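Worksheet: one structure, shown below.
Labels run A, B, C and D following the written order; every chain starts at residue 1.
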């Protein structure tokens, strides 16, 4: 039996750090989120995409390392929020040092095929924390729900900070 | 990160020992099994039901114990088979001492609302081993697939040993 | 995980249509509904399993318990089931010999 | 997890209809297909996303890469998308201003 450090009601999914398992992580998260009646369908989609991006980054962080490394997804719930933690054993990174993209109207914009994941996560969920260490990275994603849902609901149409869509 | 004892390609799902999570175990197993192209749809259904029965027993084994106990499901694959292990921390049991049911034509048969799970598992999968200990029970379920699939395919219409359907 | 339970009357037959997954989590609701129907004097019940996606031994146990309860009232509990994967569970456990299994609700209520 | 990729020709527009989930696992297949089409001289491509259930940043990256490649051939890559949850991903990233997004394949090939 693996270590169940933390909340007794947590659910853990541990997958090999390989692209074919990101779909399973999405399936588990959307199944758990939809049994949580207070989370609207489009917020479930947001959470699913954010977790998928975090898992993709976690898997890519292992690319140059031992292929037998694994990614852990930990789901937990509280009265007013639910939380998904994605842990990897990669080299870590400094989220403050990520480049920002040029404005979308700049022809240079097309040179950025990458780097869309973290801004997406930031804009889709209510709270995200990146906790890189020498042992790997832990990404903690929080969605408020239950009685407090409306207070915290983000408007998905507004470009988040980190994107420059100004002309 | 939880302990990844064993195969690097294993997938682990750890759930609280509560009835509402058996559906998640089924979802994960059927998703993994259907990405394994060599397992026919009705065999996926068989595996899903067998794993569900094993998880139900694992959860029931915790009923009188600490509710914070957890059930671990471990999926692994090899060339010619896939394996699902279900581990609990319950009191264990001796599978050889389970009662057999009276013939279905006996009116007494209706007194057996329970005890259908393990015979179902035995009949649905290619191999099952119960490994009870003082620390809990581990149930190992194996389905052959890939090039060897047909050799081992069970005929679901034949009542398995352990059931007495004779008149 | 939802369990749908719809009751309709067809002459002296009460049809309980079940929808979704019947397992250790949802089976108690099926049991309660059957107990409730019997206590309302419904002694001829057909459980329609056509919209059931999954049925495990807990579900079988509830159906066997319902049959037993109805027999003690001189009644009966029959099933409607044509789905191969659900029928298979009854076949393996020998319960096809215990329950009357109809191919449709029409069959069941006309029978 | 399957990714469906169907190519049809509509006059001088090549429509690539994508089905399923576009993520880090499947996006390489989409990229290869786009590269293949461009190397066959198809420089006016519409990617139909109506049957896509999921699209992440890897998928966005492949589409941006395709647009860039086609522009360098004086061509274009446009999209067909009306699904709210897919459109949203383009909106958040500002890519609605980079791609021409049509409401139907007819719109796209007539345009």
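Keep this in mind: a contact is a pair of C-beta atoms (placed from the backbone, for glycine too) under 8 Å apart; a residue touches a chain by one contact, two chains touch by 3 or more.
These numbers come from a predicted model, not from an experiment.
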Partner chains that subunit A and subunit D have in common: none
Centroid-based (C-alpha) most distant chain relative to subunit A: C
Whole-Å separation of chain centres (CA-atom averages), subunit B against subunit D: 43
Length of the line joining the C-alpha centres of subunit B and subunit C, rounded to whole Å: 24
Rounded Å distance, subunit C centre to subunit D centre (Cα mean): 49
Two or more partner chains touched - positions in subunit D: 1
Multi-partner residues of subunit B (each touching 2 or more other chains): 20, 23, 35
Full enumeration of touching chain pairs: A-B, A-D, B-C
Interfacial residue positions of subunit D with respect to subunit A in the complex: 1, 21, 23-25, 54, 56-58, 60-62, 64-65, 67-68, 71, 84-85, 88-89, 91-95, 97-98
Parts of subunit A lying in touch with subunit B, wherever the complex brings them together: 1-5, 8-16, 20-21, 23-24, 27-28, 31-32, 35, 67-68, 70, 72, 87, 89, 136
In the complex, subunit B residues that touch subunit C: 19-20, 22-23, 26, 42, 45, 48-49, 52-53, 56, 59-60, 104-105, 109-114, 116-117, 119-120, 123-124, 156-157, 159-160, 163-165
